[in-house]
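What follows is a single structure, and I will ask about it in a moment.
Residue numbering begins at 1 within each chain, and the chains themselves are lettered A, B, C and D in the order written.
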Amino acid sequence: MIYKVGVNGVTGRMGVEVAALLGQGLQLASNYLELADAVANSDKVTSVEGVTVRTWKSPSREPVHVWVDFSRPAATMSMLESIDTPVVICTTGFSESELAKIENYSKRHAVLLAANTSPGMSVVRRFLAQALPPTDWGFSAHVEDIHHRHKRDAPSGSAKEIVRLLEKAGYEGVQVHAIRTGGVVGEHEVRLISDNEEISIVHRAFDRRVFAKGSLLGAVKLLSVGKSGLYSWDELFSDAFEGRSE
Amino acid sequence: MIYKVGVNGVTGRMGVEVAALLGQGLQLASNYLELADAVANSDKVTSVEGVTVRTWKSPSREPVHVWVDFSRPAATMSMLESIDTPVVICTTGFSESELAKIENYSKRHAVLLAANTSPGMSVVRRFLAQALPPTDWGFSAHVEDIHHRHKRDAPSGSAKEIVRLLEKAGYEGVQVHAIRTGGVVGEHEVRLISDNEEISIVHRAFDRRVFAKGSLLGAVKLLSVGKSGLYSWDELFSDAFEGRSE
Amino acid sequence: MIYKVGVNGVTGRMGVEVAALLGQGLQLASNYLELADAVANSDKVTSVEGVTVRTWKSPSREPVHVWVDFSRPAATMSMLESIDTPVVICTTGFSESELAKIENYSKRHAVLLAANTSPGMSVVRRFLAQALPPTDWGFSAHVEDIHHRHKRDAPSGSAKEIVRLLEKAGYEGVQVHAIRTGGVVGEHEVRLISDNEEISIVHRAFDRRVFAKGSLLGAVKLLSVGKSGLYSWDELFSDAFEGRSE
Amino acid sequence: MIYKVGVNGVTGRMGVEVAALLGQGLQLASNYLELADAVANSDKVTSVEGVTVRTWKSPSREPVHVWVDFSRPAATMSMLESIDTPVVICTTGFSESELAKIENYSKRHAVLLAANTSPGMSVVRRFLAQALPPTDWGFSAHVEDIHHRHKRDAPSGSAKEIVRLLEKAGYEGVQVHAIRTGGVVGEHEVRLISDNEEISIVHRAFDRRVFAKGSLLGAVKLLSVGKSGLYSWDELFSDAFEGRSE
């Protein structure tokens, strides 16, 4: 399939990455994606990857199958008033009323709301939800979260989610060891240690383009879902992991 | 619960480890296990952890709830003619007709047939069966298998099983890099690498007692199953992983 | 100190990275570095980080303390005819006669000739030269080299250098396991395994800017050397590691 | 060479390991070692690996070339009054006056005084003394120390020594992350992270026999030194690392 993708927040740090991936056309999971529309509030940048950057007030360039949004809450709201397609929302910091508007929009269209679109981190979450050893096998859990020195929050949102999933499986008192230093894009490790053996799972992002790539994987998946609804990443892709066990 | 455990092949390399774990009584997964009977063909060792080592021809010492077998096929067959309880069979190398006898025994009792009883390796297999990224996410898979220099087979049985599960999920052409050196008890690593990120899962055994511990976890689990049948480790414990996802 | 740096090959893949580091001024090892001159054969790019890109035939912009060269042999030769300062040469593929010209130039100025300017890889080489266990301690050595799928040579130049240093210390028959996949910038691992323990050293580059940063560390070091000569990275920095042992 | 080794504290946790290594004769670093004398205060064990266990008051079994001591300070002092050979002292907790007696003994014989005889940990210390990146290269250092849940001190003595060596090289404010859990024999990791790359060195002991093996390597080395003196492990083996750099 050929899909036309629109990008909201195209001049932002992540929007630029999404546009760059789409720039020359992107072959992704058996589909072909093209950059069809680029929106931002910026006056400084007039075009991205050969596509004119417009605001929501300007007329759109061409029809779009799916939107990807890496912007700010107000810009996301403007988007929802202007579009009529599935949308991947990676913006964060919504108020209750803004979330209500997103939920309302999701009654007509498929919406993926995902603060973290790293496909690999979803594999780690899946491991934690499906494959953790039962607590009576005698393992203790230890989490490490290493990021560059510019990252302000520690532990990271992903580390907190890891702890939540460990607690859900019955692991108690799990500590996160967070390091903020140098240029580490993002590394999370979960070590499970017993008297006789150890299992560790490590996720390492090479660059932040991983989130752009993930948002586009999400966009393609939304288009295949074929019905409205508000999805988390893990809900959206749950069927992709099924039907494999013996 | 208090369970009396019998060990067949108690003077062998692994049988000794099982007996040592049971020697002073073992608290395991909310149960209390004791060494109740010890069987071997050896004349050299007369007692293990305070329990007389007998042969199957000698009268049994005391009633046993569950048997653990680390012996040879002929000794396993002798055992099946003498006992009337659930049994964990960790012996390998059975002929077709011997397997048929085991299957026949399993019509009356719960039987765990497991060449590898490392609880942690079952977590790795569970990861591979349940949480591998879909192949269209762009990951390639790489397997490493490191063992001590006395191990003759390379790749290991576990490494082959890892490859089988990767292939089942659609990963093709997976290579195993096997190293045999020094005193490494056993290490397996699966690395999944894409353009933007990496997930790796590593299992490391500290000592071979891990297999003894696992066989006893299996014994306790058999006793809770409450019905006859022939189980693999993964089948026996499948319910222990369920009911956790959101 | 404030140093003015010139970049030869400034429109190339690595030249761009060096210019980007210097663009806003760079604080490096107690010095302040500025981009002072930018040279390339390209007509397409007219300025880099606010500095006009010129050819060696155009008049220079301003005096330069040290040059960094990431270009091609012919462009390096043009440079040597035009400059009169220390120079870091990271270009590769020189002929014998070109190397002779570089050596001749080094009679008047300090020259660092370095195919790989990753500071971290020099730490690994230093480890291999200074701290490897004596061979009669019973360790075997194993090397892994993982790079992105676009890298054509396998093993890498660094992996070959690692093997050379292991052989120099008496380790024989060392195998390199090379993987080319996904977007791994560059990872090298040396594992030393005996019957009772293991030491592993891993180097991981986050992005190729590491080579740009290293070339500038080399430039600063050349300026402090204060005498002419042709240096490898390890020779140039050998004194930086000394005088620490007890 | 064939060396006769005596073991003081032969019924203790580590003494047993030394005796087990020597039991059938041990080929080590081109030498052949045999267990020649076994001393302990215990009445319970009468022989170890076929050698009678005696006390210092009983007559010695046969001449010994070198002694290995894993005991308690008082037993070490008894030993020094009874022997007249080089000695490896791995006992800890000496008072000032006891240390003075050891030093006095070392005027007549070569003495290795080493709390930790893991050969691999000495490689890590050598790395820290010889190969750490200069501080102005922009690396920060992070230390991890993982041991079994029975280990009481945290950080470990080795982790403290690692920090001391990092500080000696100018690294400030280094944190140790210590984990005490399960059956981890001993793992130490030093990670050096900058904006663009990372170097990590990991040491992992497989079992405590590593310390027994190391004490015997020390014994052999003492015999080759050929002069009296009190040595640390790193002093004793410093020449084994030299003469390799280019």
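For this structure, a couple of remarks:
One rule holds in what follows: a residue touches a chain if its C-beta (ideal position, glycine included) is under 8 Å from a C-beta of that chain, and two chains touch if they have at least 3 such contacts.
Note that the coordinates shown come from a computational prediction; the quantities given were computed from them, not determined experimentally.
Most remote chain with respect to chain B, judged by CA-atom centres, is C. For the pairs B-D and C-D, the count of C-beta pairs in contact is higher at C-D. Chain centres here are Cα averages; for chain A and chain D they lie 51 Å apart. Here the CA centre of chain B is 36 Å from the CA centre of chain D. Note on chain placement: the centre of chain C and the centre of chain D lie 39 Å apart, centres being C-alpha means.
Under the contact definition stated at the top, the residues of chain D that touch 2 or more other chains are 183-184, 194-196, 198, 206-207.
Contacts from chain B toward chain C in the complex involve residues 138-140, 142, 146, 148, 177, 179, 181-184, 193-196, 198. Interface residues of chain C facing chain D in the complex, by the touch rule stated above, are 28-30, 118-120, 123-124, 126-127, 129-134, 136-137, 168-169, 192, 194-207, 209-210, 213, 217, 234, 237, 240-241, 244-246.
The part of chain A that touches chain C in the complex is made up of residues 183-185, 206-207.
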